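See below for the structure under consideration.
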Amino acid sequence: MSQQQSTSDRRTFLRTTGAVSTAGLVGLAGCSGNSGSDGNSGSDGSDGGSGDDGGGGSGGNGEIEDELRVFQWGDYWPDGFISGFEEEYDVSVSVSLYSSNEEMFNALNAGGTGQYDLIFPSDYMVNVLNEQGMIQPLNLDALPNFENLSEKFREAPYDPGEDRFSVPYQWGTSGIAYNEEMVGDIEVNSWETMWNEDFSGQMSMLDDVREAMGAALKYLGYSLNTTEESEVEEAKELLMEQKDLLSTYDSSDFPTNLINEQLSPVHAWSGGAFQAYWETFEDGSSPVNYVIPEEGGVVWVDTAAITTEAENVNAAHAFINHFLDAEVGAEITNYTYYGSPNEAAEEYILDEILNNESIYPDDETMSNLEYIQNIGQATTMYSNAWQEIKSA
Amino acid sequence: MGRDSNNQASGIDAQLVQRVRRNQWTGAIVNLSPSAFWLGVFFLAPLAVMFFFSFGERGAFGEVLLAAENLGLQQYRRFFIPEDTSILVALWATVAWLIETVVPGIETLSATQPTPYVRLLFKSIGYGSLATVVSFAVGYPMAYYIGHIAPERYQNLLIVLVILPFWASFLVRIYAIQLLLSANSVLMSALAVLPFVEQGASLMYSQFAVLLGLVYIWIPFMILPVYSSIEEIDFTLQEAAMDLGADRFEAFYHVIFPQSKPGVMAGSVLVFIPSAGASVIPELLGGTDSQMIGNFIASQFGSAGNWPLGAAGAFVLMGVMLLSIAAYQRGGGELG
Amino acid sequence: MTDYDVRLEGVTKRFDDVVAVNDVDLRVESGKFLTLLGPSGCGKTTLLRCIDGFETPTEGAVYIKDEDVTNVPPFERNTSMVFQSYALFPHMTVGENVAFGLQMQGVDGSGETGRGGVGQAVKRLVRRGSNEEIESRVEEMLELVELPGTKDRQISELSGGQQQRIALARALITEPAVLLLDEPLGALDLKLRQNMQVELKNLQEELNTTFIYVTHDQEEALTMSDQIAVMNDGHVEQLGTATEIYEEPATEFVADFIGETNLVRGDYSDTADGAAIDRNGRTYVVPSNPEADATAGFAVRPEKIRIGDEAAGLDNSFRATIIDEIYKGNLGKFVVELDDGGRFTVDMQIRDQGSYLQTGETVQIGWAAENSVVLTE
Amino acid sequence: MMGAFRRARAALFERGAGLLVAQTAFVYLFLYLPIAVLITLSFNDSRYAVVWQGFTTKWYTALLQGETVARVDPTAAWNALLNSVEIAVAMVVISTVFGTMLAFALDRYDFPGKRLFTGVVFMPIIIPSIVMGISLLLFFNIAGIQLGTGTAIIGHVAFGISFVAVVVAARLQTFDQTMEEAAMDLGANELETLRFVTLPMIKPGIFAGALLAFAMSFDDYVVTFFIIGQENTLPIFFFGMVRQGISPGVNVVAALIIVVTMALVAVAQWFQGPTW
């Protein structure tokens, strides 16, 4: 808030001084007309033109603060990534973790957005946060590496306005992962697997309302962004039915559970599944497999965004620009096994990742995948259904 | 000292009177006010805020609506009464569901199910009670042994050994339980020798794991008060009872046990309350079927984002706690 | 003006509705041993606490050395108390306990005393340990109570009697104007208690300090005291020497409370050569008492009553039947009954077994009029 | 029939002592086996499984040299520990002073509403942590107070006061007040009596209360989680680790936490006598 305030103050100052110097040359009448209309549009301007307006400097071009507070998903960076950034930019980074978009959203709601500078919402959540005025437009001038992004990620359906509020960080899918040691070499091609009684007591679903509901909706053949009450109700019933077969709902433990042969098959995010894959990789093969069901599933993009009340805006921009660097982006993907939106990075990404169809699916699979979208008021319907499922 | 200050006696009289007065009232006020302030502002006021929130409504994105037209009992209604039914139906549904659950063989007494929240509440009470009963069954004989039979010089050591884990981190101990219950762990491998236990079976993510965790964490709270009440018992009474014809069991049941009852009561409250209100243990050890009311409340302030419902749930839970304390005090127990 | 160390004027202490001390006037002369004697709950401890300053009287005033100390807190009064429980500080050694009073007085080698501003107060608060003067005084006191060399012992290592002496040493080291003792011997066994009684009295005479001693044990009171104040129901019934209290009890309560006595109530009348009390048609000759009212009574001690031949010819002489006898070694205690049903207890020295009397015997009893006391109220 | 039952029952109770020993041993096993397994597995030469593969100290070496082991970053753990200690120390200082004063007030004075007030004092101990944490969160939120270690300290003191007060009040109940009278009688004023007699004598109670408060603060996860904003404490850090599953890094951190705290408490108990 204070950030925008000072931005517009500065702009008013520039205009006023500009007006005064013009006044000397052109005359009083023109001046008063000009300054009057500028004064009215000043607040609009701060939203509309920060990207190419030098006045946005305090939102990204200025001195980098010595502190940065990041709120992010667990297990996001390769070892030493943060400390590398800290050393290079002389910024002390503190990191807090969340395990679902909703958890992050509510934490910001509860404690105010001023708690953190940089957050990593997924696609639909960017939209929600934007609508709630909880994130601020980015200063693309402070992000020269933005150019590294592949064309298709530079335009984002969830972040449509003229201003950019988010920068894609990684993308991935969700599907089914399993460890052959626990279930044998099974054929998985449908969400039906997750309702298979043979695996009773050894499965887990992601502890995430839109993911779990999305899986059920896809299994039923509906859109995972449906706002039809009956379809949501059907999905709820299906998940209720499934509950007895599950061991737990979990979004953070599943890679370890795959590796340790505790649970399998599990509803998984691609990255976690591939971590488990590589951890157990031995002699050219691994017992861990990841499959995107034929009914389709979720494709998601995690993005970086700066909170409205962020205190360290410049450091946050620096951080974003840092991970947009081609080599750094590749380093991250080589660690997390999520797809990179960073086209320039591709030459540094391991071939085994680039060529893995489960990480970079072919176009046919891609066409079955859906982004989770902000569905507005219907969100309540989903969260009530999810609450009932969890409480039952 | 002022022993020779006689000359000014009358001059300082008024002052001394004041001092005496200060001893009586100012003393109380000075000693009380910091804590009264702190508890008032940082304990009671927050509870009051939460109470207020429990009458509010949730916006689509989790914002809390507290305008006059939003205030009402809707969250409590939502907690207790299934949609489109009346209080009476809800009441009957709850009672019927309880009977169905507790008494085997009886099914579908009522067509309406109580709300998931009510079921969660009773499930938590069930967990709390079960944890209490198990802690008592396991802890009492031990407390009896330490308090009465163990050689006196070892008593302190034995009791310190009971308390020691309590001081160590709660989360670490829950993690240790995870290590024990996971598939292929030491314990599970040992159990796999049994014919009915499968190789690679796991006890994690189950109701059993939650109960085990609750007992593991809270059992010292049962053992300590029972121990201290047993330690105070005059055991010649047992001999007197046996002299009067009671066998050992009767002597214990009629003479010793009643005297240890204050400890048992205190221990039960100390185990029941945190067990029924647990959230971390079910989250880390439980699976899909082991959520408790504490998780429900926490999730309303986390991923589910319905603060008013969460606040209402919290006050319902507090109501249960207060009822259990009232029962304890009615049974003659005292706080502290 | 006589030198009084303690003077109480109209002291009354109420706790809510209960009057613990009721309008007490009392003067204790310098260097005297005064005992407050009475049954439990009579207010004697409360009175003691008023003197020491732990209670402030509801009404009246307390003077110590002619200074009005009614509202002076205990730590500024020149009194010291020996507590019933001794109240020795368990976290200090014997020496530290005894030295405590001196340290609080600020005896710190420089001879400085009194409270001198904030700096001094702070110094007093952080002060630790002791110094030569205090050490020598402590040793002196320990010798006085016959426990030299126990300075470094822990309180818990001492016996009850030793603790009692330490409590005494601790109270005396500050040389108080008045030493207050609240049943200090109560916790000791009989033999030790008797020894301590004598020692206390000797100590008091040696130091010539005013002692105010509270007890419910009349024997203790009679043994040690210069003066005894018998208390009942919050007020002083009688103040006097041991002999006065015993021989001439002023009230029925005193007569009954001190020692054993025979009480007879009747109609009082003055006669030509003294006075008489009539009861059941029998006339008892008693000394005249101008304060007595129409219905009064008299008391006669069991040992004043003669039995057998020597009883004949005394002012009061009656035939009686022995209805009970208790053998007590050096004396025999007999309960006798007159023909009108009146009963008396009689003590008789047993000089030889032959003179011992049996239940059922009829004997003559009698006593001189001056051996009985007419009681007011 | 009844007679036989009675005899059997009596016989069972006659042999009771042996059974009790076995039962007691079983409970100690139950209490300590998980801890023993945890410590053992921290030396397990296997990156993931809970299955014993061989002895190694490499996880310890790596962590102590500041390397990240299986997502456990020792620097972050260290910072979390420092936060925990800072909060606990501040909390203990404030709650020990206020709690002791409160205990005196409850023990020495009668005032109107004392019963009610005593009930309020007990409440922070009794009510579920989750209720306390959330209500504080709402309160700070509505009062516009920025969450951080400061708010965490405030919240911890709110329950610390109660723990200290209850423990100290219990001690005061057995305190013989004639000790104070004796001190005053010997010339100590109120302050000196407090300093030289009362405080030294109830010191074990205050110590016990402070120790308990420290443990409660240091170990608290639920309340802290809601009111500390973006800061970390050791339990919050550790919870994040546990949520990601069993790993050697977590084993080592857990083993270190449990060994160090139990050792410290054992030492404290040794010096102070049993405290609870």
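So that you can tell them apart, the chains are marked A, B, C and D in the order they are listed, and the count of residues begins at 1 in each.
Criterion: contacts are C-beta pairs under 8 Å (C-beta built on N, C-alpha and C of every residue); 3 or more make two chains touch, one makes a residue touch a chain.
If you want to know which protein each chain is, UniProt gives these names: A = ABC transporter substrate-binding protein; B = ABC transporter; C = Molybdate/tungstate import ATP-binding protein WtpC.
Being a predicted model, the structure only gives us computed values, none of them experimental.
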| item | value |
| --- | --- |
| Far-end chain from chain B (ABC transporter), centres as C-alpha averages | C |
| Selected interface, A-B versus B-D, where C-beta contact pairs are more numerous | B-D |
| Chain nearest the overall C-alpha centroid of the shown protein atoms | D |
| Separation of chain B (ABC transporter) from chain C, taking each centre as the mean of its C-alpha atoms, in whole Å | 57 |
| Separation of chain B (ABC transporter) from chain D, taking each centre as the mean of its C-alpha atoms, in whole Å | 16 |
| Chain centre separation in whole Å, for chain C relative to chain A (CA means) | 91 |
| Averaged-CA centre spacing for the pair chain B (ABC transporter) and chain A, given as whole angstrom | 40 |
| For chain D, residues that touch 2 or more chains besides their own | 49-50, 137, 187, 243, 246 |
| Where chain C touches two or more other chains, by residue | 73, 75-76, 104-105 |
| Where chain B (ABC transporter) touches two or more other chains, by residue | 1, 3, 182-184, 301 |
| Partner chain D, residues of chain C touching it in the complex | 52-54, 73-76, 79-81, 83, 85, 87-91, 100-101, 104-105, 121, 124-125, 170-171, 174 |
| Chain D to chain A touching residues, read off their complex | 47-50, 67-68, 71, 73, 75-76, 137, 140-141, 146-147, 229-232, 240, 243-247 |
| Of chain B (ABC transporter), residues touching chain D in the complex | 1, 3, 23-24, 27-28, 30-32, 34-36, 38-39, 42-47, 49-50, 53, 138-139, 141-142, 144-146, 149-150, 156, 158-180, 182-187, 189, 216, 219, 223-224, 247-249, 252, 273-274, 277-280, 284, 294, 297-298, 301, 307, 310-311, 314, 317-318, 321, 325, 335-336 |
| Residues of chain B (ABC transporter) that touch chain A when the two form their complex | 58, 60-63, 116-117, 119-120, 182-184, 200, 202, 204-205, 286-289, 291, 295-296, 299, 301-306 |
| Chain D residues within the chain B (ABC transporter) interface of the complex | 6, 9-10, 12-14, 16-17, 19-21, 23-24, 27-28, 30-35, 37-38, 41, 49-52, 97-99, 101-102, 104-105, 108-109, 111, 117-124, 126-132, 134-139, 142, 154-155, 157-158, 161-162, 165-166, 169-170, 187, 190, 215, 218-219, 221-222, 226, 234-235, 238-239, 242-243, 246, 250-251, 254, 257-258, 261-262, 265-266, 269, 273-276 |
